[in-house]
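Structure first, then comments.
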Amino acid sequence: MTPEHLILASLALPAAGAAAILACRRAPNLREAATLASAALLFLCVAALLPGVLAGARPALRLMEVLPGLDLAFAVEPLGMLFALVASGLWIVNSLYSIGYMRGNDEANQTRFYVCFALAIAAALGIAFSANVFTLFVFYELLTLITYPLVTHHGSDKARNGGRTYLGLLVGTSVLFLLPALAFTWHVAGTTDFAPGGILGGRLDGLALAGLLALYMFGLGKAALMPFHRWLPAAMVAPTPVSALLHAVAVVKAGVFSVVKVVVYVFGLDNLAGSADWLVAVAGFTILAASVVALNADNLKRRLAYSTVSQLSYVVLAAALLAPLSVVGAALHIAAHALGKITLFFAAGAIYTAAHKTEVSQLDGIGRRMPWTMGAFAIGALSMIGLPPAAGFVSKWYMLSGAMAASHWPAVAVIAASTLLNAGYFLPILWRAFFRPAAADDAHHPHGEAPLPMVIALTLTAAGTLALFFQPDVPLALAQQMLGGLP
Amino acid sequence: METLIVNVLLTLMMLAVVVLARTRNLFSVIVLSGLYSFLMATVMVALDAVDVAMTEAAVGAGISTVLLLGALHLCRSEEAKPAHKPWLPLAVTASAGLLLVYGTWDLPAFSDPEAPIHKHVAPRYLEAGPSETGVPNVVTAVLASYRGFDTLGETTVVFTAGAGIVALLRRRRRKTADKEAP
Amino acid sequence: MLAHIWSHFDYWAMIFLAMAGLFIVIARGNLIKKLVGLGIFQTSVYLLYVAPGKIVGGTAPIVAEGFRVYSNPLPHVLILTAIVVGVATLALGLALVVRIREAYDSIEEDEILRRDQAPDGGGEA
Amino acid sequence: MTRDMVLRVVAKLLIPFILLFALYVQFHGDFGPGGGFQAGVILAAAMVFYAVIFGLDNARKVLPDRLVETMVAAGVLLYLGVGAAGLLLGGNFLDYFVLAADPVAGQHRGIFWIELGVAITVCGVMLKVFYLFAGRGPEEEQ
Amino acid sequence: MNLAAHLPALQVVLPLAAAPLAVLLRGRGAAFMLVTLAAWAAFAVSILLWLQVNASGPISYALGSWAPPWGIEYRVDSLSALLLMLVCGIAAVVLPYARASIERELRQDVHYLFYAMFALCLAGLAGIAITGDAFNLFVFLEISSLSSYVLIALGRDRRALVAAYQYLIMGTIGATFIVVGVGLLYLKTGTLNLADMGVRLQEMTSHRPVLAALAFLTVGISLKLALFPLHQWLPNAYAYAPSAVSAFLAATATKVSVYALLRFYFSVFGETAVFKRLPMEDLMLILALAGMFVASAVAIFQHDLKRLFAYSSVAQVGYIVLGISFDSVTGLTATIAHLVNHAVTKGGLFLLLGAVMAGMGGTTLARVHGIGRVMPLTAFGIVLCGLGLIGVPGTAGFVSKWYLILAALEKGQWWLVFLIVASSLLAVAYVWRFVEAAYFHAPRADLAAVREAPAGLAIPAWTLVGATIWFGLDTSVTVGSAARAAAMLLGTGAP
């Protein structure tokens, strides 16, 4: 297969998978087999693209010209490669986990769940491989719409309200800001194709440039920059595998991925000098404010959600610093945070499935009953804080080096302070889980580990978090190539 | 003299309409509207539009009146007292009227032979119409031949109204008094 | 000025009739009266077309020996069409009024709207 | 009213003249005022007059509903047929020149037939509307 | 005879002839066959005309072989060809649907009249789009209007009668305004041929009768195209008409009126007269924005889906007029593309609502609770069309909105870009009222056994839904034609 075929296959496979899942809706075992099979095939497809990209190839595919000058086109560049690898790889694990979770909790509408899930992955890959802002916008909107049924999966009033916030903010920001940004880019540059070094190249300056940047940054609402972050905690009404997908893999990563991509390939790091300082401030504020909220949240998923808000802004902050080292850190953090946060969500879901617990204050002594789960949770937490031997350390290191290289001391201070805050809201959980005795009423409710597929899944992602610390070569190479480094 | 006759007739028509607007007995309203149409037909004769006059007399004073009376017979109604002060309608009509005054101010005066309508298109009908179509009544020639497609449209309008009224008023085959609306 | 008004008297009359008709349509609530007003509004336009076509001293546009000046035939043709359209509209409108009267037992606009707003007023048959 | 002898006799005398007048208006339209539309109206008026004097049911016997409805459609079709004839004989739609060897004769022929079409439809519609309005007594409501 | 030379006449005559034939034959099956065949033939003719115009420029056809301006001219250029294709295409799709839908909604003995009226409405609309004569335009406007009054009045609900009456009054006032405008133009130019008028007006545009004519035509046509605030007739008319009629009228009637407006503005008065000598740009901009926001806001609070989407139509007319107000090629491209895009989207939507009506027995939001479960395909189709109304990329609605935004950017009107996108957010709000009703409530107990719409309703509806998606991805026909037509209207490109 040529690389072009591979691109097409990576988009078509999850969609075909969705059709297969729908076709097998009467036979749950077959249906789940279809999910896993398409996930595995997709990962193979994406992985097959990797050697070429690492060697410097940039396969491209033009699907159709929707409007004169606006193509639905795809091109694989290093950053997109990284995002695609993360998304497709984690889909396998997440599918495994979902099977355990959905069956363990006896959820309704499981077919719809798997179909939407597969389609969401297709949309995420569309975003990853998009060759221009227009294609990115199309798949970005598609991702919002497809994940909406996932967020509102339970169909309750609470789910509906959460769904309203989710959809309102994501569609609202993308239509209100991203669409004008897209149009303005086209109007100014005559193209929306991503290109190394940016496409605006001196056509805009000062206020207009900062304004366009603001349109993009707030328009990419999935990056959850304050004040447009509220959709993320609202989407917590979804089942846990969905939260994992939304908050670790597809949705939020699509947001920050797009942020980095736009900053690097539309604006160009060099052109932005002086126009992105406000963004550093906004991202820094988001990091700290979200951490403080997380510190005070008792609901485990809510705490994780605000942790995500804060972690996403690391990526934005690192991109806004415009220092090559920190931008590499931003790219790395996309992968690192994905692995770490999915582990944490998997663990939260496992606790819910096995022990029916949702609050941090209920977790006393749970580490002894669910050693695998809480062990994985510990690794994920280390990664979030940025401590070795977890992947988060690597990315944070690059960010910090970048900030220092740029002599941006406020940013350094934000990163340092937030590390303390991160520790402040993760370590108590571990302490409760491993060092506090179980509450008395727990004796009536004996439970052990969650179902096996879930445990396998969270163990795998925890292992991945560790592996990325020891072997960051591939993501690092991709991140450096993104900035023009040669293979 | 011709101008005077026309203007007097027009004044009578205006009077008829004023009385009509103030009348609430619907039978009187219909009679007045018949009278109005009859006056209009007379004006048309004075304006040399004999075909129009004949049609207006037959249609406006004749058919319309019969139809209105028939409908009134089916509805048996008096007009209720208006419930609202007519400020909005007055404003709307006044502005439309002012616009028309503005628009007609510069138009050619009555019976101006130099007006554009006497210089373009129409002269050919008068000069060549009878010889091209063999019909001395130029109105018929234009109606049926030059602009025959308009007349096809006009016939279709009549057909549409006729078939439409059948669709609206036809009763069910079975002689029951039920209707499809409550 | 006075001469201008006199020479444009046909326009003034037309405007007055049109506005009176339009006023009746908009301001009156009785469905039949509205249609009468609509008829007057439509009829007034005949004057706008036909009056300027008249040439004093001319005759009806039926070509015959002994006449030289004819009034303009084209407006006559147009207005013939307009008359027919007018009566077709009137007939259709009256048919609707008859049906409305049967469905609502009233032909006053306010009363009809009130009956539809009543809780049991609307609904399908 | 239907029992009034005088009216009936007058009507019987008058209606033929009205019909004759309608025919005159129809066919003299080329030379004087008149034409299909006016003739159709007058024809219908004669029939309405008949119905008023002799009753709706008698009128329906003379010109049954079905026939009237056929007239409504037939007139338009006749008109369209003339137009189509123009097409078939090699001219444009509604081209009368090609209807006869001599262009002016063709015009004459075309105008004659379309005027007839107009009269048929107009008469049919007027009668149909009259039948429908007259046949719908107010007391037939619930 | 050479058939290809007479396509313009056949375009209108075919449906026109189908109507009296249907009345003559009386059988509902025969009437259906006849009118459907005529509509399909008309659609084929319109496609041929479109190809012909694209290949070799505008076509002029002299009816009765009388050369214009003495006779009536039919004139097909890139704009009218597109409109003809739209109107006939929608009719060709809606008619098969009508057979299945009026079976449920209409008494059998009026079916053949329904088809006749439908054919007349089609002929009237096609006649407006194709004619090159101002008065002929009025005559065909009346044919389409009268037939649509009847079609609306045939609705099951008694409110359909009142809606039809109100439409009749408003429509006739509008038509009379148009006649006044045409009359003033005629008195000033002595001709009725639109092209001839355009030439003769060039030297005298500043004269007051011309400006008054412009005002009367604008008001008259705006009444017919339901420009805010002259839209009051529209919501009830669309809401209570039979389903097939709502769909057909929503997709075509206002669109053809927009065509008439464009025709008068750009082919008769000329761009300069309309936009340079009068503050028409500002006026239309304000009315368009008011329509977009007020009507969308009203739509959000409707309880009946047909009314909800009828108000959405008023809002969408706002977009269309907004494009005209830019007075630029891009703006007009947006307008013309949106004519087509909105027509297929709204047409599909109303066809699906007809299926909802047939299945659930009503279209109020309370009644369609849980329709996502009992009629999943229909509900999904409505959601797709709703996304089209919002302007989600990948649907037709996005394309036209994109051009509107570009047109605003070209003028440097930043604030307008935000207003355009903000109004789509209102569309999100009203579309999501349906989504929540459909997917977050259990169906009423007596409706839980409702089945999916029959093929007779579903296939035509999904044809238009498919077109909505298709025109969102492949824009060569819509935007291509629209750009050519816009360039022609503004005289900047080959006709």
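Note that the chains take the letters A, B, C, D and E in the order they are written out, and that residue 1 is the start of every chain.
Here, contacts are C-beta pairs under 8 Å (C-beta built on N, C-alpha and C of every residue); 3 or more make two chains touch, one makes a residue touch a chain.
Being a predicted model, the structure only gives us computed values, none of them experimental.
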item: Co-neighbours of chain D and chain B - touch as defined; value: C, E
item: Where chain A and chain B overlap in contact partners, by chain label; value: E
item: Chain pair, most C-beta pairs within the contact cut-off; value: B-C
item: Most distant chain from chain D, judged by the mean position of its C-alpha atoms; value: A
item: Maximum centroid distance from chain C, chain identifier (CA atoms); value: A
item: Innermost chain by mean C-alpha position; value: E
item: Rounded Å distance between chain A and chain C, as computed from the means of their C-alpha atoms; value: 68
item: Chain C-chain D separation of Cα centroids, rounded to whole Å; value: 24
item: Whole-Å gap separating chain A and chain E, where each centre is the average of the chain's CA atoms; value: 44
item: Approximate Å spacing (C-alpha centroids) for the pair chain B, chain C; value: 5
item: Numbers and ranges of chain C residues touching at least 2 other chains; value: 18, 22, 48, 52, 60, 62, 74-75, 78, 80-81, 84-85, 88-89, 91-92, 94-99, 102-103, 123, 125
item: Junction residues of chain B, two or more chains touched; value: 50-51, 55, 59, 63, 67, 70-71, 74-75, 96, 100, 104-105, 107-108, 115, 117-118, 121-122, 125, 136-137, 139, 143, 145, 147-154, 156-161, 163-166, 168-170, 180-182
item: Multi-chain contact residues (two or more partners), chain D; value: 31-33, 37, 69, 72-73, 76, 80, 83, 93-94, 96, 129, 132-133, 136, 141
item: Pairs of chains in contact (touch as defined earlier), listed by label; value: A-E, B-C, B-D, B-E, C-D, C-E, D-E
item: Residue numbers on chain E that touch chain A, as the complex places them; value: 387, 390-394, 399, 402, 405-406, 409-410, 417-418, 421-422, 424-425, 428, 432, 436, 439-440, 472-475, 479
item: Complex interface listing, chain B residues touching chain D; value: 50-51, 53-55, 58-59, 62-63, 66-67, 70-71, 73-76, 131-137, 139-141, 143-145, 148-149, 151-152, 154-156, 158-159, 161-163, 165-166, 169-171, 177
item: Residues of chain D defined as touching chain E within the complex; value: 69-70, 72-74, 76-77, 80, 83-84, 86-97
item: Chain E partner contacts - residues on chain A that touch it in the complex; value: 64, 66-68, 70, 72, 134, 137-138, 141-142, 145, 149, 152, 155, 159-160, 164, 167-168, 171-172, 175-176, 179-180, 183-184, 186-187
item: Chain C - residues contacting chain D, complex; value: 60, 62, 80, 84, 91, 94-95, 98, 102, 105
